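Two complexes, one shared chain (chain A), two partners (chain B, chain C).
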Partner chain A sequence: MNRADLERLLDRLVDATVLERVVISFASLLFAIVVGGVIVLLAGIPATCRDPAFVFAGREFCYDPIEMYLTLFEGAGAFGSLTNLGLTLQETSVLLFTGLSVAVAFRAGLFNIGTQGQMVLGALGSALTIVWVAPSLPENVVGTVVIVPLAVVVATVIGGLYGTLPGLMKAYADAHEVITTIMLNFVAMGIAFYLVRNHVGDTTTDSVQTTPIPDFARLPPTIDGTRFSILVLLFGLAAAIALYLLYERTVVGYDLRTSGLAPEAADYGGVNAKRNIVASMTLSGALGGIAGAMYVLMVHYRWETDMPPLGFDGIAVSILAGNNPLGVIPASLLFGALKGGSLQIDFALGVPPELVEVLRGLIILFVAMPEFFRMIGSYAGYGTDGGETDG
Partner chain B sequence: MTVMAWDRRTFIAGTGAGLVTLLAGCVGDDGGGDDGGGDDDGGMDDGEGGDSDGDDTGGDDTGGNGGMDDMNVGMVYATGGLGDQSFNDMAHEGIQQAQEEYGLEFQNAEPDAPADVGELQRNFARSSDPDFDLICCIGFVQETDLVENAQEFSDQNWMIVDAVAQTEEGPLGNVASYVYREHEGSFQVGVLAGMLTGMDYDHGGGSTNPDQQMVGFVGGKEIPLIERFEAGYQAGVQHVSEDIEFTSAYAGDWNDPATGQEIATGMYDDGADVVYHAAGGTGAGVFEAAQSEGRYAIGVDSDQSLSASEFSDVIVASMIKRVDTAVYGSAGNVYNDEFQGGQINDLGLAEDGVGAVIGQDFEGELPSEITDELDSTRQAIIDGEISVPDNLDDL
Partner chain C sequence: MANAEPPKRLGPVVGLVIGLFVVLVFAVVLVPGLRELGADVVGIVDASYVRSALRFTVPIAFAGMGGIFAEKSGVINIGLEGLLIISAFTAIAVMWLLGDQGDAGRMLAMFGGVLASLLVTLLFAIICIEFKADQIIAGLAVWLIALGFAPFGSIIIWGTVNSDSVGSFDPLSIPLLSDLPYVGQVLFRATPPVYLMLLAVPFSWYLLNRTAFGKHLQASGEDPKTLDTAGVSVRKVRYAGVLLSGIYCGIGGAGLALNAGQFVGGGETITSGRGLIGLTTYLIANYNPVGAFLSAFFFAGLDALQLQIQRVPGIELSSTLIGIIPYVAVLIVLTFVGKTRMPESAGEHYESEE
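This part shows the complex of A and B:
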């Protein structure tokens, strides 16, 4: 393939209609499933197991890809198991916020890799707020109504401030946000670990964690036997719609977008681009912080070190969604389903968890790559109208 | 990676001779608590005979005396995962022994992160096909989730290693807890390391540097549990001589051999003769470093000269922690309908829950002054003449 072909391909990709892009995504998903299945099948040859899935041509195959995919879909709740569905939706709800966090920054042309760190600190802030404030509240609905919003607000503020930091560095010191946010992730994890381990944690256990939050501070589960709360999902959906409207229908949203993408043009147009860059990063960080609060209130009921990489998954969710707040909804659903499904594989099959990770990675890679190249192509000016990376 | 291919009996046969005093009574003792209540170990003392002590009326070779049919055990491992050649593999070993002995079935679950632990526990507890008769929770990381889940699923039998499942009202009645006095076993390997670094010793894949007396410690995560290893080890070293240099570092991960190797190489370069690790899968890097630097290492949890046999020429000893016996014993108790819910098993040297075991290649090759000293410090700890600190502040 020569350069001209490549350029034609990028042009074509950038010009793809929404319907075409949806079809491409589904085709990629299917392709990823086939490739993943072959890998799982081949990985089963050198592996040793007591009862192989099947024997073909004298070779023992340890893992059965079809059974594995069935388990994956079953674990994702596709076959009507309410508990599994709950797990998928629980993961989806938190991913909505991390995905939106990354998408909001992207819309302003900023690549926020720091959602994970913002989420970790937001989660810690909300967990500690609850642990410290809860004893002075009544253990009933009144307590819930006071403490849940309080925890969310604290997490929003902490996450927001932690997003402001790289925003300021970007706007006023020209420090690239990719570098600073990556660094700040480590700083966040280190600070949180140190504080919990030495000062504010639960010292009665060997785990580095806070005391569990009391029952009345936990969001009520919607599906029995799971921790999924529909409140979080609704909140997330509302946030996605609100952000979509903000960016598509308001002047503020337009200013935020232009400030990141074309600061000079924005300045020329009378918009304070630097302030808007900081605002975008703050908004992004605040959403990361909210994700942390949701994790504490709905999923883990405490802060514990080694939080799952929901913030990093948010990057993939956002890319898959084409950085469109509404696209984040189906993208987080796919990721949530993959999480629920892989947990079920860990539980039910002898397939090593690492292999399930490979599978997850493949699906992400295949599905996200067309969008990724579309974004790059659009950024580099391919397609009929060039320009920005809109949804 | 191959699964460890040794079982309890060959292990004892292989190491028994020189180690009678170190491992005395280890076989088949589930360490039923330090309260001397050794009557809870049911059909366990007869390791060879299995359940043949029952009346052999039926031809049933798994039934035994009142044993359970179709027993199922769920295993939730610590986040280091299987293949660590150490802690988790030791637990896996225990349930495999129980499978042979009692004909039970078991299912493994390996969490990716601490956050998944609770969900995997609940998955086992919820399951009705099969219905799990016992769920083994391996590692302190499971404690908080287990305390909640054990109350929610109050008919389910659980066991936990490395933590005590209790609420403010006391231990939970459906959980058997197993904790270890790792500092006692670590003291033993500390004595060994301290004596070895003071000698001019050359055997296997390494040798000591007679000009410098220095030993090292590599931990997984900097948490009280692992500091217990370090405190005991350091006390053992100091017991030999206050002049021995001591260096310690934490890798921050249970499954990061590259960092383990980096740290240990630095220690060997600084002059350390022996490095002891308590870092799960990270420890493989310590062994790697010992081999390339021509120095010695001490393994942890299992006899790592067997479980990580490619490094047996530098693994001079291991601080074994009998997680396998805890798993095996609790499964046996459930099998024999003698489950000890609510019991806290606190296992140290006296119960053979921990101990120093000499590496395969160093069997009979260590100077007798070392092995004699190990015998005497072991007895002194059991008799209470030596009190081993369990945290770094008490050193």
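This part shows the complex of A and C:
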């Protein structure tokens, strides 16, 4: 990205009002849902099913998009099922951290696509810390109080260091962070896979995984029948508020933003822009690492290869939130609901849960083109004007 | 990136590489045991290794060369990766629908892949050019949509994220030339996508550097206003540049999948970042298609090591670790090999003042 680009971005950030952003986010969501519905409808033609949802023009359609979305929201616990709600909130809690991770980088004009890798390594670090340290701790509350923070700190440090790397490459070698962070994702997954399979994993099984963490290191479930722990949700909410205050109310936050968006201007103002770029990426990586720890402590109770793509979901969460830490809260809830409900559409209707990943991409795409909505808006505006003149 | 910077500073890097090479040679000759190992490693580089490296080069080189056209025209296409995925998936789906129809069917499948990639690219172009989307985010979205859609489609068709095994391209021997020692084995006993790639390299160079279209393309990225003043539509040139990248990625993705005979939708899918490695190749090569091809071949060579190294007795290296070598190489290259000067107006919208 060159300087003119950054200035354009800065201009746009100033120009776009909060209201406009909220409208764009909602409109993007709506469009993504409609396009996703069309994809599901069309996918129902080649799909094979025992009883099709409906038959139209002699063709069997396996899926009914409206029924699918209703099932999705029911599966997300929108209609009062506590276990489903727990699943949604569990996803939401981890997404808060991956969403914040991406948002922190975005605030500084940096694209951290590497949250996934930072999360994978953070998760592995916390899982191994627990497995290695737990035997020397009492299996009670004391053990929990010692080991949970320790696991989180280790994950934070590992994720942070892994975020520092692309930060350094960006600041001092001008290597584009989109490419470096994606490459680092592959490297992280490869290293983690290698370590767990060959050295530190559970050698009694064929699966590439660590031994499970002991009961006292698992966060206590808040809703029976689920693994959701309100502690993680509260921690995530606190992080979102803290980051909001950091960026809106402190000089440090202001410097972090300007250093990435307009390094020359920051340097001119006596701020070390390069160091702040590294700091932003480190903070971003640290949040990715924490997401990994939360996944181990609350969701999976061990590290296992092929972690869910929560880091990539974080990109959509952040973009939908307009990269505002407070906006990340409702955006995480939305994606948590989508992910929570995706199991239900698979189970009840046979719609592949990967649909949520398609929606994720569509939402990002629509948010990326505010001009599209402005055009629609002005078109609609002209329409109303025309109506008035006619009347 | 500041434009006043010298475009490249290769000197120290070349020195470093040569230095490392000399150290390596000394170590191999002097340290007992390493000599045998050295002989084994050299033994890896046989005709079959180069052949598989060339096959691996296909998606990277096509993504790289295609990316050049888009970016030279002023539109950064980071969605190359997604286009490879879409094309790979579509090509295999068409193959599966057709059943085994020989090479004609495979070419048809390839055409299907190119068409799908072209369609998605057209959407991307409209979004970037008409709706002035942020090109990086839109490209990212293309990748993420493909990353979700391909496994989604695979489950609809095959019931799992991976496709059934369909036929793959057989090597096609060119009479006489394939009888040449070594070179014949490598270059003239290859699969159709490899031949297409070997043809596309000089073609792309010629198109970019020796034709009016190429000059328009470069002007559209460097100085759109002047091009506009000269009476050439910047919009059309940019559409052409972006769509070309779609066609190239289509061939690359379909070639990758049809060389393998299967679509793998798990994880980051069968393409595994090769589109982004392609993007790196043209940054290294400073937008020269020939250079992009050569760096693609370098990365693919590292990629192909995974297959070969298992044949060497005495090397106890995990194939997973060897698998990350190409990605590490990309990181090293991006960090230490000079700065590339991007086209002046790449990433910016151009408003014609009609």
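What we mean here is this: the second predicted complex is superposed on the first by the 297 of 391 C-alpha atoms of A that agree within 3 Å, B and C clash if a C-alpha of one lies under 4 Å from a C-alpha of the other, contacts with A are read in each partner's own complex, and residues count from 1 in each chain.
Everything below uses one rule, namely that contacts are C-beta pairs under 8 Å (C-beta built on N, C-alpha and C of every residue); 3 or more make two chains touch, one makes a residue touch a chain.
Source: prediction; values computed, not measured.
Considering only the touch criterion stated at the top, classify A:207 as touching first (chain B), second (chain C), both, or neither.
first
Go through the superposed model and pick first if A:225 touches only chain B, second if only chain C, both, or neither.
After superposing on A, A:225 lies in contact with chain B but is clear of chain C.
In the overlay, answer first, second, both or neither for which of chain B and chain C A:250 touches.
In the superposition, A:250 touches no partner, neither chain B nor chain C.
With both complexes overlaid on chain A, does A:343 touch chain B (first), chain C (second), both or neither?
The answer is first: A:343 touches chain B but not chain C.
Pick one for A:306: touches chain B only (first), chain C only (second), both, or neither.
A:306 contacts both chain B and chain C.
Name the chain, either chain B or chain C, that contacts more residues of chain A.
C
In the overlay, answer first, second, both or neither for which of chain B and chain C A:197 touches.
Both partners.
Both chain B and chain C touch chain A; at which residues?
Shared contact residues on chain A: 197, 306, 352, 357.
Provide the residue numbers of chain B that touch chain A in the complex, in ascending order.
2-3, 79, 81, 107-116, 118-120, 122-124, 126, 140-141, 143-144, 148, 162-163, 221-225
Quick check: in the complex, which residue numbers of chain A touch chain C?
1-5, 8-9, 39, 43, 46-47, 111, 113, 169, 173-176, 178-180, 182-184, 186-187, 189-191, 193-194, 197-198, 306, 312, 315-316, 319, 352, 354-362, 364-365, 367-369, 371-372, 375
Flag every residue of chain A that touches chain B in the complex, lowest number first.
That would be residues 48, 83, 87, 197, 202, 205-209, 212, 225, 299-302, 304-308, 343, 346-348, 350, 352-353, 357 of chain A.
What residues on chain C touch chain A, complex-wise?
So the residues of chain C touching chain A come out as 1-3, 78, 127, 130-134, 136-138, 140-149, 151-153, 155-157, 161, 266-268, 272-273, 276, 279-280, 283, 318, 320-321, 323-324, 327-328, 330-331, 334-336, 339, 342, 344, 346-348.
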